[in-house]
Structure formats: C-alpha cells, structure tokens
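Dumping the structure here so I can ask a few things about it.
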C-alpha cells in the first residue's frame, strides 16, 4: 500500500511533499495597496474574468511570514514547514462579482510550492524578507506603534523582484480593507508529444479560507517598487500610484477547493 | 492572449516556471550501484509493476550537476536554469520488461521541480554537491584518472539524506552498466472536499530520453550511506551492500512523455 | 578618503560588511538547559578559564531569530540584516567568577558573521529555524500559553547539527534563569609563512550587553539532540541530561568590547 | 590543548572554519576586461597605492567556480568546501610597480570567507553562477569552441550585483592577458570603546599564488552590467567600455602572505 497526499508515495507516507489537508496557517503580513496599468491587469486575467472598471488597476502586493501545520504538529518542524511568501492580487470581476486574482507568487519552501500548485497559486521559488516586530524593546524591536517603519522584499534567481516600505500610523478595521474572495488558476501541463498545448488540468478555482481571522491590523504610508527583470514579466504590474500600507496578522485553514470553471471540459 | 507552458501564464510568457519543450540537458554524474532490502524496493512500486527477482534489491543512487537549455539560450542564464540533483533508481519489472523506477529525487531549482512533476519525477527541494574535475592541474583538480577520489551528498530541510564517495579505477563502456528504461509516476492531487483521495492525474510514464549520450565513463570503488531522517522515508532503501561507483558525463533531450498506464481511467 | 567599519572600505562606506556600532538587537529565543560531559566542557576552555565544578557540565543551547539595526534604519532592510542564530554556552570560571563561554555558534547572514568575529563569537554559516508564535489564532499560531509546543534546529553544510523541542508550562522570572556574563575568544590568524601558529589577534573578551532586556519569559519541558557529524566537533557537547526549555524575547545593544586577557602580549 | 587554524578552536581541531595552509585551488573562470571611471578606481585605492594612468580605469570582473582542498582530501567534502566567487580587480601602481587591487568580492561559502579575510580579500556572501562546459554533447553542453555562449551573475542579499555574457572566438595565450600581481587589504576592526577607528590589523598584502597554472584559455566578445543597488557601492565601478571576455581554467596554492605595508605601525 502506497500512501501520501502527493508524491513521493511511500508505504509510510511521510515523504509526501506536503501532508494532506486540513492545512492550517498563521502569518504576519505586510500588504501595499497600489494601482497598476489597467491594461496590464486586464491582460493577465484568465478566460471568463473581466477587468473591474471601478478598480482602475487597483492591486495589493503582499509579503507574508507563514507558519504551517497539518494534523501532526508540523509547526514544530520549522525547517521543513515554516516559510515566507510574496504575491500580487489584482482586482477583477467574475460574472459581475468583485474578486481578486493572483497572477504572481513566490515562496521559499517546497511544501508550500506543492500546496500552491494543487490550489492554483502559480508559485515559484523566491527569497522573501520582512521586518518583524519583537516584544523586547530596543531600537531594533519595531513595535506595533505609530511611526514604526517596516521593510520587505522579494528576490528570485538573484534578481530583486519587489521592494516595499511602510510606516505605521493607526489601527484600522480589517473589514474596511479586504472584502474580496481570491481566485486562482489550477493548471497542470501535458508533455505527451502532439498534446503539449492541452493541459491535463486547467481550472479557475476559489482560494477557500476557513476561519479567516485578522489581528493587530495597522495602516500607514507606503512605498513600492517592482523593477524590470530580464526573463520575468511581473514588472508589467509596476505601481503607477501607491496607496496605503498595512501590517497585520492573518490566519485561516484550507480543507476544500471549489472549482469555478473547468477550461478543459 | 495568455502564454507559457506552465503557470504563471502571462502575455509575454517569460514568467513560466519552465519554458516549453524541447528540453536539452547535459550533466556530470556520480552513480553508486547498491543493493537495498528487496522488500523495501517492492513496497515502493506502483500498481502493475513487480519486483525484479534477479535484481535482488539492486538500485543506483545518482548525483548530477545539470545544465539545461530550451530554445532560447537558457544555458546562458545559469542563475535561473543550472541545477543539481540526486535520486534513486530501483530495478523492477513492468509486464516482464526490466525497467527502473524512481521513488525519490531532490533538486535545488524550481524550473527543475516544475519539469519533474510534469514528467512524474517526485521532486523535492534539496542541497546537492559533488566533487568536480577541473582542467588546471592542482591537488584540488581531481582529474579523470585512476586514484582520483570524488565525494557527493544531498541534504533536505537541513538533514543529510545521503553521502557517497568513489575512487576511480578504470574507464568502462557505459552500455555494460546502464541498459534499462526509467519509469516514473505522474501525479497531481485533487483538493476539492470529498475527492481528496482521487488524484486528477495519476499515470505511469516513461522518462523518454532523446539522443542519450554518455562520455568519459569511469568505474571504481564506492561508499554510500542513507541515514534515517525523522519525517522522511528514504532510509528504507539504505544500502545492505555497495557495488561499484561510476563517474561520467550524460546528455539527452526531452520532447515527449509516453503514458504507460493511466490509473485514473 | 576610504570609509567603513569593516572591509570593503569605500568612499561612501555603504558596502562595509556591517555598519559601525552602536549595534542594536531584538530577538525571539528558545534556550535549552542541559548537561554535557564536564571533561568535554573543560577541554574547550581557553587559557586562564577553569571548569565550574558546581556546574557539572551545565550548558545552554540557544536558537535565536534576530532583528538588527545600526543608526540608519537597517531593520527596514531585512534581506541584508535580519538573521537567525544558534549557539552553545558552557558554564565556567574566570578568576573565580562564574561566567559562560561560547565555543560554537552558527548564523545565516554575513553581517552577523562579521560582527561576531570582531567580538570573538566563532561564527560559521548555518541554516537555523525555530517555531514562532503568531497573533492570529489558528492551530498553526503556537500562542504563548501552557501546552504550546515549539521546535528548533540548526544545520551546517547540509548536516543537522542540533534539534530541540520544548513545551511551555509557566511564565518565570528571567533573573532566576540567566545571571552569568558571557566570554568569547577574539582571534584572527596569521598567514605569513613561518608565523602561521602565531595569531595576529588572540584575546579573551567580554560580550558586553547594554540595556539587556528580557520579555515574555516562559519555561517548560525540553528535548535536545546534538548528533555526531563528520568534520565537526560539536557532538562532544552532546546532552547527557536535559533540563528545562525556555522561550522568551531578548534585546540589547553593543557599543564596546572589554578585553579580559590578551594571549598575544 | 586547543587546535584549529581559525575559530572555533577545539581539541580535535575539525570545527575550524577553514583548515590550515597549504590551501590548494582549481577553478573554471570567466573574466571580463572593462574600463571604469578612473576617478572611481582611484577613490578605492588604499594609502600608498596610486592610479595606473596608462590603465585609464582598466579593470577585470571575474566569476569563478572553485574547488578547494587542504591536506585531508577536503575536495571530497564538496558541501563544505566547494564554492563560487565573483570579484573585481582594478589596475593600479604600487611604488611604480603595475599591480591589481581587489576592492569587491563575493563568495557562497564560509570557509572561503574565512580564508579571504585572513588574506585581505574583502569577502561578503553572494549567490554566484556561471555557465559550464560539459563533455556530453547536447545543445546544453556549451563546448569550448568558437561561438559558444556563457553567462555569469552575482547577487547579494537578493540584489543582482553584476551580470555578464561572453561568446568564445579563439584560444589565446594566458600570458598575453594576465601579468600583474594582486594586492589586497588585510583588515580586522577594533570594537573596544574609544578605539573603534583604530583597526587591530590593517595591512596591504600580496595575494601570493604558488604554482599558478592556466588551462584551456579562450577569448571572445563580452557584455557586462553592474547596476546601482541601494546599500552597496560597487556600481561606482560600472563599465564605461567593455573589452574582451575570457574563459579558462586556473589553479594555484597558497602557503604564505607577504605583508607589503603595515598601516598600524
């Protein structure tokens, strides 16, 4: 009997790239509101989605320090399961419903890549950092207080993909900032000759977040740069205008993946 | 129009985790012949494969320094496309045909993970090193000559998964060492609630290698250890007996993926 | 005019491996009390230090997630200055004064290596992880509360050097746990032929910590392993008995380095 | 008895960040001839060195894949001792003698950082890659032949510091390209309060290379970029004009370090 939610499948099932759901997450997040070229946002949307004209190119660039656990205390094995992430969410419409879509995402851990691809997050490897807030007071502690300054960055293959800085001003209600569901594209290519343009899996999915919780939600001023990098396309979403920056905790669990559209059928 | 062989799909198609086939590879390889517990080998085989009784647990542990290119000089972007790999091949039978099967494999690059999953190689991230042979003579050069000693290792998540050493004795003919085709399991899980035990893709595939070439093929004595690591299963394939060690160049191209069995249908 | 506290020295002084003092630090820490072979501890002490007989081999193994800043908001550049660390402190006597001595330490950042060598911390590169506590509640959050379980590990060159786990039980007063000053050996070798056994700098120094502060200090049960690794000596300090585990915040600043002994003079 | 050429000093001496000399090296190298702003070169020279007016800002940017060994088969432990490097050499005069000086250098290994600081190479951590030449023929092999194209890059802290490409044209004699000795600045800061501007070690040294050997020396066309990076100064040496590119093997041993000037005395 072979076991495991993903390959490698083994008798014990311990080598699986990620354990089976439920997947539980808690994080510290820095998110920057900004506006990209609306045409560049529209050009990234999958079939059936349309630009959100009212958004006018609105997007959020996120940086996250994540802790993950499954059902076996995986959070006590941080070398294997703790990770850092950066992604963009662009605003769009799906059948008139205002949603987000995730066109780019980077993580520094292979279990996170596996879970991401299974959901539809188009994860690539990156090196991600964000300023943290520590409880022992010091000029290095960066407390959650007005005036504290946080930085964040993501690099891939030795190229800086994005850099952000925020300065805290005030606590705000998370519900006034985030209200859209996030859609992603689950996609698994075919390699058999003659069919390489017919992916085996090609679906629009919903990133379903059970028990979504925010904590310590602060807002402030923000800076964001997304430089042009040879061999990458993300700079097409570079900021034309930058809005507020947010710093907060977030937690949720994943147990399901609603399929919104199946592009293969 | 969205382009790219894999996600992320973009108008330009440059951000794709890997370019489309053809995929061309050249490598330096260290491979260790050894015998594992035949029951442990049998326990890892997918449905329809059976142990090769004559092999009696015979396996090879490989370490590879790879250079990759697609059709756009990707080999001149080594930060994105050069990588290192380690894997095990166990000997088995498929419908009475002697073949290899790959139960474990590690790489240090995300484009390589993407190509591997698409083929059926169960790749996870690792840190892999092998002694190289340099042309400028020195006690550090390790020439291809009798008596030269090479080391190799693979680690994952800060745990040493395998360590090998070989000492060159003589040049041999590659055809006397390797003659089996390699099978792999192409597998993409389902996350939708109620169907998480029904993978979307679950196939036995053939790792088809066009223009397979070996060069500078040396044989010698070998050592190999595969220690027990908490949270991993590979040590079940630890060596009970170690045979010869080999050091050689290898090249091939990938343009196709024959599907040998479809476990979903 | 060349500027910089360390090399590289440049006109602008920005490339220096670390900025000049003052150096400010804040961290989250996991520390495991344990007892090693007293003879192994004694064998690591520099000249002029003696075993603390009452300690009977008592030591602490620490894991730290650090944030650093100098005088220019370096904490907002976490890709360059945030880092993780693991070290051992053994108890000893210096002129009858009970102190700690640091024989082994690993970090994942070059600015931290530079500062460490300048002080006398014998830093090597490692990959260090510890479970974190997040504010957004979830099975992954690991709150500071009785029953929460934390893990930590350090690897170097693809070998696991130490692994620890603790389970929180109660808040305690830091002063009841830590009271000794820490000594280190500042050492810079000579490479000129004929004098390679006469280091240019060879001093016993005091790790002076200004404004040392602890926060959120919890104690609980602990596990610790320090496996034998080929090419390393740290396993000589493996635990014979493990005491309590601690999890806390710590902050201090560095502005000075008292020289306790000069072994060159 | 404590042993080790560097810290950590231990009874067995195996944990030392690097073994004692002799140090033996063999490498594959890509080097780009270029001209920087002569004033920017002059501004980086240590006391007693002067610009080489005839050089007019001439410099070389190098990328190296290194294999190291000491006296104990260290080359068979590549996870600990194999490494990659990138550096700049600028041309200058020392007492009317034409020499090189190394103002910037990056490596991906801590044993290499230790040896570098002991010699005077101002090493920081980086991520370095270069296209390799493989013996098994394939579009990915990049043979040593006219028309072959190689790329190389160095990143530090997630910022691309330099990118190069060369295309081979012809074999040339190494002696027509390289003839200058290389000087470096050996420097170890003081941290004791009141003396932080008085380094403990501050010397101009000669990078003495025993048995220097070149192999397979090719020349061709070249491209080089050194972008501006926040927090680093190297872009002051950006190319105003790019000359030829070279690709070759190089080996030497280190057993001594001549001190050319002592700035402390």
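To keep things simple, chains are lettered A, B, C and D as they appear, and every chain counts its residues starting from 1.
Definition applied: a contact is a pair of C-beta atoms (placed from the backbone, for glycine too) under 8 Å apart; a residue touches a chain by one contact, two chains touch by 3 or more.
All of these numbers come straight from a predicted model, not from anything done at the bench.
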If I list every residue number at the interface of chain A and chain D, are over half of them used by both copies, so same, or under half, so different? same
Farthest from chain A in C-alpha centre terms, which chain would that be? D
Suppose each chain is reduced to the average of its Cα coordinates; what separation in Å results between chain A and chain B? 30
Would you mind pulling out the distance in Å between where the CA atoms of chain A average out and where those of chain D do? 39
Numbers and ranges of chain C residues touching at least 2 other chains: 77, 79, 127, 129, 153, 155, 158-159
Could you please specify the touching residues of chain C with respect to chain A in the complex? 24-28, 65, 67-69, 73, 75-79, 82, 127, 129-132, 134-142, 149-153, 155, 165, 211, 213-216, 248-253
Touching residues of chain C toward chain D in the complex: what are they? 2, 5-15, 17, 20-21, 43-44, 46, 77, 79-80, 103-105, 109-110, 113, 117-120, 122, 124-125, 157-159, 185, 187-193, 196, 200-201, 231-234, 236, 254-259
Listed in rising order, chain A residues that touch chain D in their complex are 127, 129, 153-155, 158-160, 163
